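Each of the two complexes below includes chain A, the first together with chain B, the second together with chain C.
And then the complex of A and B:
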């Protein structure tokens, strides 16, 4: 596989805060990545660094094999849609559609028009007058219709209703199938996008907690439910990701189980259930928080 | 080699990239090229009514006095300030937008500068034509003066155009450099910038006062004339343009 993004030892500090803390990873071509993490985990900063909107404090970034900072050749193949994008004063939706093709070579104007229709966006309205959701759909339309080989969506759907979000997921998958490209999507609506993602990067407090194929992540944990004593016996010395219980019942999340272990659990009268990507990530990031609090 | 399913577009020509930024600024032409003229037209209308009123109520001697007195009204100075604001907005708002379109800082600044030069030319032509008309009609038939003001006037219309052009360039790049300070260092940059500017101006005033060189200062403006001063302003314009470039190269589109 071809690496589109290669990051080594990347750090970005704001004063005493390490927004991105000695991070290394690679992004492979033509995959959909989920960049997941809590608010303030460093997702936006990381994306701003990769798109050369901000400068790293330390470490190296290679996008399409080159340092992206002030490199037109690299940036022309990159599209970064962020939640807080600013627009020139008095710009209308149609002005965005008119100017975007000058900067994105693969821009598909017809497709953009269709998306405007799908999202019911008024073309003649000033950007300033748009609702939060409509503003988000402007970004989503640019991100999709630009068909940039490397597309970043940073929380692209703030304020979008469930229908509009579903349109976004559907269009993204359809268009991705026809025009493969690398997509990096940051979000905290993890369950909604979990079927979309092929690879998951979980970031917390500026560090990468998880860098794993999405399939592997989904199979990497199981929840065991049953009588407390039976559950405790079964879990034994395994690493526990999460535990909750009421009265004599316990529900414990542990790592992946072999088929043999599953039979053993069934024999002990325990129920096994899969863990959603969202639950898994909540547990992973919570754990690190507890560790952090204990060490503090 | 690896087969790439996504077509990597060839990098566009450098000039094309820069001109695309210029086009981006002018995507919405109304606030840049039409609105200022409408405002100027309204100011002209109000001025015209005032000249007409003065004419109507004064005798010939009074009218001549009035013509003398109307040589400097400052009515058209609004357009220069407006262009300063256009420059500030272009840098402050279009910079984060252009970066969102994956434009480099360098291309952004150069394309923006091209836009400033084009707009300076556009407005300098309009102002020169209006000044020419004002002369030809002897102050719009009422002895009024709005486009042709004392000190600022040169008899040669070509030179008058150069004078307007240099003045517009000055305001555009002063605006750009100021906005670049803001984009680079935000509010704190503004506080420090205006503090230094204030101290600098007071320092120069103090210097001129203590060395009793105000007459020389006046003489400098008199001997150089408007055109000479405008040519000197080019050094400030160039300095601002360069400062803006250096600041933007290190700026980030923060909220």
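And then the complex of A and C:
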């Protein structure tokens, strides 16, 4: 596997805040990554550093093997769709599409036209007059039609309705299949995208909490529900990710179980339920760091 | 898709189901990995993993430059394999749930017979 991005010991501080805190990871070519985490976790800062829109305090970044800062041959292969992209005041939608090929060498104008139609975007309307959702679809269209070998989508669908989001997911998968490239998708709608992702990076308080194949994450936790005493007996000394209870009932999230252990739980009258990627991340980013390091 | 099990395993099972039902007859071409990915809205690498699982099991085979096909004898092999799992995946939970509700084995047998007649 070829690494498209290599990050070592990366730190970015704003005053006393470590927005990105001594982070190291690699991004492999032609995979779809999910960059997940809570608000203020450091996702956007990380993407700004990778796209040379901000500079690291410490550590090294290699994108396509080079330092991205002021490196044209790196940057013309990178597309970064931001949550709130600013455009020149008097720009219309069509001006955005006209100027895109100046920045993206693989720009496909015909494909962009089709997407404008799919998203029902008025090409002659001024950007300022667009609704929040329409503005988001402009970003999504630029991100898809740029076909950049490394594409970042930072929370690309603020205000997009369910239909438009589905169009985005479908087009992304289709176009990715035909034109494989590396995609880093940052979002809070984890349930919606979890099946699209091949790899998951979870960031919390500036640190990487999870760097794992999506398939390995799936099924890596189970919730055990039942009478408190039975649950406690079954859980025993296992690592507990999360615990809830009401009266005599307890619901405890623990790691993956073997088929043998599942039978044991069923025999004890306990209900087992899967934990979705979204629930898992909520549970992981909802506890203090110390508990984490034990459970990781 | 069910959250508790790997998606590629579920894709493989879905293709097997289509072979059992006859929707994908033996010696016919199956959809491409990308078509599976688009249809189930999953990552193409995941779909590819599911397809490869069946290639390794001899259920599907690759015709170079054309695509994937259902192997001869695939249906019988899948059915034989599923029969082995039937006891643990269907009968055991059925008996356990019946016991929980206080249904006797004779009552359970009656219920199965009645269901079979319909």
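Brief remarks follow.
Basically, the second predicted complex is superposed on the first by the 288 of 296 C-alpha atoms of A that agree within 3 Å, B and C clash if a C-alpha of one lies under 4 Å from a C-alpha of the other, contacts with A are read in each partner's own complex, and residues count from 1 in each chain.
Assume contacts are C-beta pairs under 8 Å (C-beta built on N, C-alpha and C of every residue); 3 or more make two chains touch, one makes a residue touch a chain.
Here the structure is a predicted model, which is why all the values come from computation and not from measurement.
When both complexes are superposed on chain A, chain B and chain C end up sitting side by side without clashing.
Which of chain B and chain C touches more residues of chain A is settled by the count: it is B.
In the superposition on chain A, contact is made by A:219 with chain C only, not with chain B. By the touch criterion stated above, A:237 is placed in contact with neither chain B nor chain C. Of the two partner chains placed around the shared chain by superposition, chain C is the only one that A:276 touches, whereas chain B remains out of contact.
Contact with chain B, but none with chain C, is seen for A:55 once the two complexes are overlaid on the shared chain. When the two complexes are overlaid on their common chain A, residue A:2 makes contact with chain B while staying clear of chain C.
Shortest separation of chain B and chain C in the overlay equals 14 Å (C-alpha atoms, whole Å).
When the two complexes are superposed on chain A, none of the residues of chain A touches both chain B and chain C.
Looking at the complex, you find that chain C touches chain A at residues 1-8, 34, 37-38, 40-46, 49, 93, 96, 100.
Every residue of chain A that touches chain B in the complex is listed here, in rising order: 2, 29-30, 48, 51-55, 64, 70-73, 75-82, 84-92, 95, 98-100, 102-106, 148-149, 179-182.
Those residues of chain A whose C-beta lies close enough to touch chain C in the complex are 31-32, 169-170, 173-174, 176-178, 195-198, 214-215, 218-219, 222, 266-267, 269, 273-276.
Across the complex, chain A is touched by residues 2, 4-9, 11-12, 14, 17, 20, 23-25, 27-28, 30-31, 89-90, 93-94, 96-97, 99-107, 249-250, 252-253, 255 of chain B.
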